[in-house]
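Okay, got some structures for you below.
Heads up, the next two complexes both have chain A, just with different partners, chain B and then chain C.
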Partner chain A sequence: MEQRKAENTNDLAFSKEISSRLGGETVTLCYQCGTCASSCPVARITEKFNPREVIKMSLWGEKKEILSGDAIWLCCSCYNCQERCPQRVEIADVIYALRNIAIKEGNVPNIYSEFAAGLLNEGRIVPISKFLEKKRPEVGLPPLKPAGVDALRKILSATGFDKLQKKEEAS
Partner chain B sequence: MTSYALFLGCTIPARQPFYEVSARKSLAKLGIELVDLENMTCCAPPPLQSIDLETSLSIAAYNICLAEEADLNIVTLCTGCFESLAMANATLKENEKLRARVNKILSNAGKEFKGNKEVKHYLQVLMNDVGLDRLKKSVSKDLSKLKVASFSGCHLLRPSALLKFDDPERPHIFDDLIGALGAESIWYRNKLKCCGGLLRGYADDVALAIAREKIVNTTKAGADCISTLCPFCFLTLDLGQMLIKSTFHEEYNIPVLHYAELLSLGLGIESKELVLDFHKIRVDNVLNKIS
Partner chain C sequence: MEEVKIGVFLSDCGKQLSEILDFDALTDYVKKVSGVALVARDSEFWRGSGLQAIVDAVKDGKINRVVVAENLPKLSEVKIVQAVEKAGLNPYLVAVLDLKDHCAWPHRDKPLEATEKAKAMLLAAIERAKLLEPIEKLQFPALKSVLIIGGGIAGIQAAEDLADLGFKVHLVEKAPFLGGLAARAGRFFPTDDCSICIQSPASDVKTVTHTSRKCVYRSGFTEIPNLNILTNSKIVGVEGVPGNYKVTIEKKPRYVNELKCVGCDLCTTVCPVEVPDEYNAKLKTRKAIYMNIPNVYPPVYVIDESACKFEDCAKCVEVCPTKAIELNQKSKKTTLNVGSIIVATGFQEYDPSVIKEYHYGEYPDIITNLEFARMIDGFGPTNGTIIRPSNRKPAKRIVMIQCVGSRDRRWNPWCSSICCMISLKHAMLIKSAYPDADVTICYIDVRTTGREHEYYYEKAREMGIKFVKGRPTEIVHDPEVDLLIVDVEDQISRKFLELEADLVVLAPAMVPAEGTKELAEILGIELDEDGFFKEYNAKLRPTETKLRGVFLCGGATFPKDAPTTSLHAHSAAIKTAKFLNTGKIVKDQKTAVVNEEYCGDCEFCPVTCPYGAITLEPKDEEHFVAKVSDLLCEGCGICVGTCPVNAIELRHFRPNQIQAQMAALMSINGASKPLVLAVCCSECGGTVVDSSGMAKMQYPANVRVMKVPCTGFLQVHQFLRAFEAGAQGVMVVGCKSDGCHYEVGVKKTEKKVELAKTLLKEYGIEPERLEIFNMVYIEGDKFAEAARMMTEKLEKLGPLQLMKT
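Moving on to the complex of A and B:
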């Protein structure tokens, strides 16, 4: 870790970038106690993810390694760590902020492209099969109301979400 | 009769008709009217929050606006939808600056978030509008032979600062509601730990290893079934057992039932009305213990 730290001079800029984003505000409060890591169901299974490490690397400015690496995508968003953090670091939300930055920079894991495409096309991230839609009256369910796709697209255009995907499609 | 705007979400209509059928039938029987509104969308759950939090907050707020316009509080079945919408509702009610930012975005879709409605999970409706006493009196079947391993899913409880559903470390509401049906809610190791469901599609091996722990722990505790609230937890634990079988060569066959299904059975709704054949793991052992 010490060697990696020496290679980076840009640490403050990255932690400022994170804390200026929605979800990332509390990142600098971390004092590295490790309560998060001991509460994490993923860290028990794989060495590839440790929330304390993710926060440390973020504070040390290891931007490239964090944004292009596997770790930020291995959080299962269970909020155990956030619930127990004595410093009230909103760890799961910080990881969302890191994912938001990674995606803005063009690092979009395939599964997330699929979710985004479902949202843009149908207003739902899990597409509804024709089979189940036809089956609804048979099992006593009312017809599905139409999703507000038009309104949704206006929102996605206002936040630039639709362009995030276009950038990804072009690459 | 108490009325709510039903927020159905994506996964339930896409994959789990048994959840929707059991919830609609049981809540109707208990005097809760569910109103289906037009133009609702995805709730913007963790996969979308991962892409962009500002967009996700705006999408959740848009859906809450539809309920505000209809002058109805929202009820969700899915725990993921509950988390997305309840977090957005609490955050935007508290944070004026963020509300102004989101309302600027919503103005493009002709909406304004006012913050005058509640977002509830259907367990809260059962606890507060129906109440444990009336629920107990409405149960017409004997479920006392059933040992149930409840698993609420993470996003019913956490982040507790915003969701304010139950004590995040020692929750009791879900277990009380299982008890009200006459069944026994049992403790098992790591009961409150995640099922790993959100890692499916990105790291399937890690997700399955976490799900396996849940299946092993509930089986070791002697549960007749696992009871879930979240369609994603259900998928992870029901379909997950097929994947555990092919990956780890271990067979558990522990039935997974949504609480709404147990509730329906307790209220005397016929099992053949509940589309239970859509489950991957057969539920016959559970049905045989109900008389």
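Moving on to the complex of A and C:
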């Protein structure tokens, strides 16, 4: 993570926003012991994600950096950190809360938008390619049936997922 | 009954008050009140000629009740009451009121209204004075003997102080030997001197061989006359009251006669049973007959009954040259009569095996701080050599982990406060013995708050001890290289480290000693939410408990280092000495009293009393009545506020006194504003009014203050009676919810106010005419603000409309 500038851009209301969300309630308990970081399999392989730093920046109110950055999307949800946190900070859930805020604010990485579009349009996250259709009978698999897109859309509409996605497409 | 003759003494504080209040009018008014025999005015009445005037009037028999309007509320009251008592009048026939802070100063802008309020205040004091009753001084025995529970550093120091002062002291230790946790620790930080001396502690040196006052090793503490040491013993029952307790102690069999054993070691040589030596971190074995270390008190052996084969073996019995071994010993109960009890049960190390990711108990090369302390102790299982328990080879790479099970909301949320220093001590001891050893401490925060502690930390850095800021996630064992790997992120360098270690030393939390909860139940004292013994007031009464005869010291209240424990122990000793010194407890009978005619069979007051002062006693075959212990009663009146049938009263706050005072305060208004009765407790609720006045904060004169001992004393009907007496609004002012000086009083009142509001609604009275406020002494501004707001609110509501019946 780059050195943070001493600008007065911190939004301390941000930690309030996080802690008022489902999953984010425990964020203020963090005392930066770093058990989460040393528990994290992702942090070991990339400097782009460190759960301790995500929590710290959240508490500092570095809203812009958190929401527009890659870090929160790199958590693999193994919940190791959450299991071992001595302050019972629900770290993985805090990160979900952050992702929800990011989506609400229109910050969705392309790959997630593509998944979402696929889900809404085809009922599948991974599109069926010509290659796949050709390969299936060769290994003795039946052709794929069309997904129940209508039923799925109803669910996605009930949860508000479709609106979020439209917002994303519009922006 | 003797005719009531009241003397009213009006102090104008050197004319400060007469500039605001019309003292001539006040004097004229008071003179006309029935029962007033004398009115005097002076610049002060709490000392000098003013006080002499009161004393003379009492001595001459001109007056038999004293009402003094004086400032400096507490100080003047004490001085006047003392003088009046000396003059021969019961001190409880005195009423002191404060015309300065409760009237003149807060209403200085409205002198006319203030004068009218002053009249009402004087009338209230006079009416109350008429109904006051003399209260007697009671005496209870205080046995000059003390039970001290716990033979560690705290208990030993307190025992020595009290025994030297001439009290009979019974020092009871659960373990077979004295010393407790500190003796086991081997050395003290930050001086690294040995901790063995606490088995024979800091004292006036009692031996004839030369010993300095500083090093007190073997000072002969155990031989002080008056000191009775009972090891292998525990408390099983306590009866009685402060000053006179009957304690039952159970002494477990030692199977060795303490008077005969010469500590010769023959028994351990022949004993065929070997078990892991728990005292020494299981790093060696011991026999079924053993001493913890060669230098213990009492210097006699003990038999571990879970290991010994008794009559099936009895080899030790045969070999013992003094016939000291008695395999048929049974546990023995004894009773002791003591005046007070000191709890010095200390703390213990938490068992970190519950923290699965650290694998304590699974990998033998992961040990705790206390186990490590045994390892580096010259008397210890390895004679001071640092080894890997798994293969007993030297350990060269050592990783220490801080905050294991402490500062951890899953196990123990508190900071154990001494573990940083313990680990620094251990790290430096390793480095001193093995300069080439590689020592790393993984920490969250290094807390070195004591004297010279920061220099200790500095020295550790100088010695090359490595510090990693980060709490490891896991310790794993690599079987290929037979090493422990500690997984940690160093936050300073932002690097993920896999530290290789021969030995990992954990710094577990310090938790309440085993049996703390049971002991608290036996003694009837409280624990805090972390499970340690709770002081009555951590700041000002740090060794006292809710029970006047029971004191606390040392780690029983929270983990402490040795210097703090010593201070605490000496403090508990002096408090105990003060309590028992005269051989009696003298106490005014300002206590609750039960009207047995009305009282019957409910359990409200015994359950409510925060001091356990009320018991139910059989009245006849079918009925019970409440009995108040004058010794235990603190006179708060929470029982009065709880009794559903008005069967319990306070001798110094009778209902008729309250009623008369209330009516008088509401009898004169003198202002166009609606009358407000502020019922305040005598603690924060009343003193906040004092401080508001002292700071000259302004609020309207229609607000009238009436003090009660604790707001918990109030009954629901009393709120209603205040309206009946003419109040347009009622303020109840008590301490903060969690800061009630009588534990639960104000919390109960909060509920009662809620209930009263519902009733008011039923009677057609706006419930917002009654409000409760929680304040502390220094919040005078808040009181003034509340008084103003209440008045404004009542003005908006308009005059009180009582439902027509």
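Assume the second predicted complex is superposed on the first by the 137 of 171 C-alpha atoms of A that agree within 3 Å, B and C clash if a C-alpha of one lies under 4 Å from a C-alpha of the other, contacts with A are read in each partner's own complex, and residues count from 1 in each chain.
The rule is simple: a contact is a pair of C-beta atoms (placed from the backbone, for glycine too) under 8 Å apart; a residue touches a chain by one contact, two chains touch by 3 or more.
A quick note: this is a predicted structure, and the numbers were derived from the prediction, not measured.
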First, second, both or neither for A:52, with chain B first and chain C second: second
Contacts of A:66 with chain B and chain C, given as first, second, both or neither: neither
Touched partner set for A:27, first chain B, second chain C, both or neither: neither
Chain B versus chain C as contact partner of A:80, first or second or both or neither: both
Chain A residues touched - chain C or chain B, whichever exceeds: B
Which of chain B and chain C A:43 touches, first, second, both or neither: second
Footprint overlap on chain A, comparing chain B with chain C: 80
Partner chain C, residues of chain A touching it in the complex: 29, 31-35, 37-39, 43-44, 50, 52, 80, 84, 86-88
Touching residues (chain side chain A, partner chain B) in the complex: 21-23, 41-42, 45-46, 73-74, 76-80, 82-83, 90, 92-93, 96-97, 99-100, 103, 108-109, 111-112, 114-116, 118-119, 123-129, 132, 135-136, 139-142, 144-149, 151-152, 154-159, 161, 164
In the complex, chain C residues that touch chain A: 357, 403, 407-410, 444, 469-474, 487-489, 491, 494, 496
Sites on chain B touched by chain A in the complex: 8, 10-11, 13-15, 17, 20-21, 24-25, 36-42, 45-55, 57-59, 62, 66, 98, 105-106, 108-111, 154-155, 158-160, 168-169, 192-194, 196-199, 201-203, 206-207, 209-210, 273, 275
